[in-house]
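Look for chain A in each of the two complexes below; its partner is chain B in the first and chain C in the second.
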Partner chain A sequence: MRPFRYHRPGTVAEAAQLIADLGEDGAILAGGTSLMTLARLGLAEPQHVVGLAGVPELCGIEGNSGDGITLGAMATLRQVETIPPVRRLAPGLAEAAHQVATVRIRNQATVGGTLVHADPSQDLPPMLMVYDAVARLTGPTRTREVPVAELFVDFFETVVDPDEILTSVHLPPASLGVIAGYLKFLPRTQDDYATISVAAGLTVVDGCIDTARIAVAGGGSTPQRCREAESALVGGGTDVAGLAAAADLVPEALDPVSDARGSGDYKREMARISTRRLLQRLVSESAT
Partner chain B sequence: MSPALNPGAAPLSRRAVGDAVDRVRGTFTFAVDRRIEGTLHAVAVRSVAPHGRITSIDAADALAVPGVVAVIDGSHVAADDGISPWYGENRADQPVLAIGKVRYVGEPVALVIADSRATAEAAAAQVWVDIEELPHVVDPVLAGAPDAPQLHDEWPNNDSGTWTLVHGDAERAMATAAHVHTATYTSPAQNHVPMEPHSATGAWLPDGSLEVWTGTQSPYVVRQRLATMFRLDPDRVRVRGDSLGGAFGSKIDLRLEGLVALASRAVGAPVRMELRRDEVFQSASKHAATVTMTTGVDEDGLLVARIIDIVWNSGAYALQTPRSSRTGMIRSPGPYRIPHVLARSVARYTNTVPTGPFRGAMTGQVCWAHESAADEIAAELGVDPVEWRRRNLLRDGDAFATGDVMHEMHYVDLLTAVDDALTADAPPTSSTRTRTRRRGRGVAAVLKTTRTPTRSEAQVQVDAEGQVAVRTSAVEMGQGAAASLAEMAARRLDMPAEDVSVSWPDTGWTPFDQTTSSSRTTFATGLAVERAASDLRACIAQQVAQPWGITPDQVVHRDGCVSSPGDPAQRMTYADVVRSSGAGELVGTGRYETPPGAGRLDPETSQGNVSVHFHQGVVGVEVEVDTETGRVHVLRAHGATYAGRLIDAERARKQIEGGMLFGLGQAVMEETLYEAGQMINPNLSDYQIPSLLDVPLTSSTVLSDADPDAEPHGIGESTVPPMAPAVANAVHDAVGVRIRDLPVTAEKVLRALREKQADDRKN
Partner chain C sequence: MSDTSERITLSVNGISQEVTTAPSRSLLEVLREDLALTGAKEGCGVGVCGACSVLVDGKLMSSCIVPVGMVQGRAVTTVEGLAAEDGTLTPVQTAFMECGGFQCGICTPGQVVAATALLRECPDPAAEEVREWMTGNLCRCTGYYSIVAAVLQAAKAGQGESD
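Entry: the complex of A and B
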């Protein structure tokens, strides 16, 4: 690994300034679980690294049913998994966080790092899409908000500019009423990346599906919302046939790569099976 | 010339019993932790082409990097009269650095030596190697075709070993069989994945001798190879070892030792190397194999004849393949009584990572075939697969396929123990069984020979402080060998094992041992240690018997003391005995060697006495198969083996249960994948091994012989090979599909299920 200079700003403004000044030579470091791995493999060779660990504004998780939930960019995945407001108000997100790798990784990996790293098989992004989450970005001249569903461009590529810092992710209060869940399909080891995984959220009113969100990880170059399947659910009942028909629409939305975790065809089929199983589970949860 | 790494020092040693505490705390020292002051660091530049001619190597840019001391390549090696660069166990076909030609992606082409590993790594990326690519071949069956690319001019047809076994007349007997079954079973290349990567440090001493610290399983083999390579008397090469953080066969024979010796020779200072994980994947592999097995049985299901054809993929270089492919062939009939056997084995060079021994060496591939076939045959006969095995398993007095008349056979008892364990538990509760989850059980048995002929030597000594030390060249690699050797010595000396220290291997001090492999250490090294300890015991008795006016065999040994039976005043500690002897220490020596002629086989028919004893293992598993995803979940596994004289029950269980976990990965997920001649998953994300969360419920049975004079048998591998076929048999039991191509992945199971459903609908 090539040696680099390490900078430790204390505020977002300082960090933003540093990033702007360093330009292409600099890289932001959050938990380092991805960046340091890439550096060790020679796939990233930053000369300057700007560590965000000393920026208090970026830490912490806050939330209540009135305001929604705000996850600081430096909140760890272990915090997302365990902190009471998330578990109570957005249990689907805690469930997805619980599925990431091992406790050791979750203690280190952060919300901001997960989103900007943009591996299409990661667990948090599809679940954040289900909760209509919005990312807040701070650049040298402006701050902006981008829905997580619009954040990803390609393998390991997002709309976040190199001089922008992702400061937080917000789950709006309206999204917190859904019954959400996560199904990570792991045919090899239990701490693997997903072969395919599905996040879904439903609201059910009088036996009828009122809103639906379905997002899939591992199904292509980015995590994807499956809007056709969602539309097929809305307005329908909660019978198995209806859920299965919606799940049948998921594979068409996907273009997974064939790799050591399975062929593209297998992943598509597993997305269908997983979606149907997850929807059935959510419907049965909604009934209790 | 550089200073000695540790001039004149005696071998390092430590207390062996209870080292788990250090392992858990992270204070245990492994080979990769060894640092020697003043060392430089080498990193290999590796081939990116699977097959080609090296047209030029330009190191100018690398040499300009500050901190780089030297860059050497095959041309330097070839031009050096002091070096014989080609090595191998049976044929010297592998160059220490590629000379003129590369034969696999990852082959070392040059070495960059620098003042830090990071600098060497960075500079290695700036060595420009031009390769004129040649057509490549990765499939061993294709490598045998007349127009296949040829890897070695000296070894035509890519042949890296051809053998036959002829026992009776299998072809004729097959024609008389009431029922014949034939099928082909394949298993892929896999990696050993030792958690600790390979590392070594080499230095030339002022007197022109060579010293190497290395994480090796075979210090004396390494010594011999280095002596040959650098044209030295073996006594002028000192190989020093540490404990290993896992090896599983990947650290046998020459690995990094030739490279660090070469580098040190070039720069006149000690040089260290340590592999990255991708380099570990590029350094050694399990042999992929294709096994076609035709089996004939009579009306009662008794085996009549078996014909076996095996094609092994030896990778780019032969290393041990010319010998070990025969060993694998010999084990291929399985632990059964078969009057007529014909086996034909061919190993072929391909442009893939060179192969080597792999825990359960050359046996997993053939066990996969004969144990899958066993269940298929039983199913065709309508017989329970456990019952079919019971009828056919070897018993005392039966002849094995080599003609060996078997003794100490315990297969039927092992099978019964496994079957009982699987069926004794309460049946699984129905709440966990849904329409899409089916459970099934499967068993598998294995026979493995042990390295024959073989030789081990040992010393056990006590000094004037009463410190007892065992000196052997056996390697501790997590298997608990050191603790078992300490215990074996302690029992002979009637003293606590906790007070016995065990050496690290050091060919400068510790006596000869063949290798730490083949489950031979407790058996062969252990017997040598026991004999050395008995020799020391006799020596101690000799010292006191005469002054006490008794004969040596009247001397009583207890708790590290000797006494005279008639006279309580006559009592001495071992330390007292040494002090009164006037010698600094008393030393016992011992040696184990297989009997003359053992292991000698007919070159054409492979008939003879193949092994001094046979490793016997039986495994049973219960699986749950998800019929919509194909996911196979191994719920529990029971392993059983025969240990001969048992040294330590707890360590034996850990070998049996650990072996099953090692086998689990190979059964359901492990496979190195090649695309365009290049391994595409040389990392632990794409190539996975079971994690703690994947561990099923495990349990074990150890059968043993209570006779204190019985020989201990090796048990370190006996449950590895049967794991894969046991899982495949359980999958078949659960959902009726048969996978003949390892690993048994979810995707393959689902595909087979869908095909079966389509067939069932047709019928």
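Entry: the complex of A and C
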């Protein structure tokens, strides 16, 4: 592994200046689970690493039903899984975080890292899409907000500019009323990446589906919303036939790669089945 | 020594240590090669197998994918730091011996550190919680039953550590 220099900024402004100055020679290190693995495999060779562990403004999770939930970029996935405001107000997000790899990885991996690394099979991004989450990006001259659903461009590629830092993710208060869940299809081992996974969220009013979100990970070059399936649900009832008809629209939205976890066709089919099962679960939860 | 070397201070098993090294080296490598703490092992080298498990500020982590530059000023506990100074083993260590929670032994330091972390967070786990927590610590000998039994016995013994 190629040795690198380690920089320890104390503020977002310092970190942003550092990555702007370092250009292509620099890489941001959040928890290290992806960058260090890539570096050890020889797939990344940064000469300079900007470690964000010492930037207090990036840490922590805050939230209440009035303001929504703000996840600092350096909040660990274990914090997302265990912290009371998330468990209480966005239990679907805690559920998804709980299913990432192992507790050891969740102690190290971060919210910002899992988004910016942009592996299309990560667990948090589809669930953040279900909660209409918005990422905040800070660069040397501006700060902007981008919905997580618009963050991803391609495999391991996002709209985050090279001189920007993802500083936080916000779940708006209106999204917190949703009944959300996560179904990760794991035919091999519990700590594996998903073969395919589905995140969904519903609001049900008087037996009628009022809002719907469906997002899939592992179904293509990016995690993605399945908007046609969502539209098919809204305004309809909660009968199994209606849920299944919506789930039938999911495979068309996907273009999964064939790999060691299964063929593209197999993943499409499992996405359809997983969506139907998840929607049935959410409808039964909404009735209790 | 490369030109990226810097002086890094960290606490290891309660003792302040100073190493001059490239910050990109893994914590595991520095523990084993610079500090002669060879309990943590390198298995997969990419954070999957758990043989290199240590605690960083009390949190269970894979020391093979933690660059040592990241633990500047932080507190690391390895398997060597669990037993009392007089050598008295912790309930977790004792239970692994009594239950036969190992065979070849290469994964055992990681198993013991992971089990210790579990019982600090959750002193009385259900068997299912033990299995789930220990998922990331691979063992190719035991078939895991005796490991789960050891963790449950250690929990029954009342606490996961001696301090």
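Definition applied: the second predicted complex is superposed on the first by the 288 of 288 C-alpha atoms of A that agree within 3 Å, B and C clash if a C-alpha of one lies under 4 Å from a C-alpha of the other, contacts with A are read in each partner's own complex, and residues count from 1 in each chain.
Convention: a contact is a pair of C-beta atoms (placed from the backbone, for glycine too) under 8 Å apart; a residue touches a chain by one contact, two chains touch by 3 or more.
Note that this is a predicted model, so its numbers are computed, not measured.
In the superposed model, A:266 lies in contact with chain B only, and not with chain C. Contacts of A:153 after superposition: neither chain B nor chain C is touched. The wider contact with chain A, measured as residues touched, comes from C rather than the other of chain B and chain C. Of the two partner chains, neither chain B nor chain C is touched by A:240. Legend: residue contacts after superposition of the two complexes on their common chain; A:187 is shown touching chain B, with no touch to chain C. In the superposed model, A:1 lies in contact with both chain B and chain C. In the superposed model, A:174 makes contact with neither chain B nor chain C.
After overlaying the two complexes on the shared chain, residue contacts for A:43 are found with neither chain B nor chain C.
Residues common to the contacts of chain A with chain B and with chain C across the two structures: 1-3, 102, 189-191. Those residues of chain C whose C-beta lies close enough to touch chain A in the complex are 2, 4, 6, 22-26, 45-48, 50, 53, 59-62, 64-67, 69-70, 72, 114, 117, 132-133, 135-136.
By the touch rule above, chain B contacts chain A in their complex via residues 118, 121-122, 125, 628-631, 668-669, 671, 673, 680-681, 685-691, 693-694, 745-747, 750. Remark: chain A residues 1-3, 42, 102, 185, 187-193, 259-260, 262-263, 266, 269-270, 273 touch chain B in the complex.
Those residues of chain A that touch chain C in the shared complex are 1-6, 8, 29, 32-33, 36-37, 39-41, 49, 51, 53, 78, 101-105, 107-108, 189-191.
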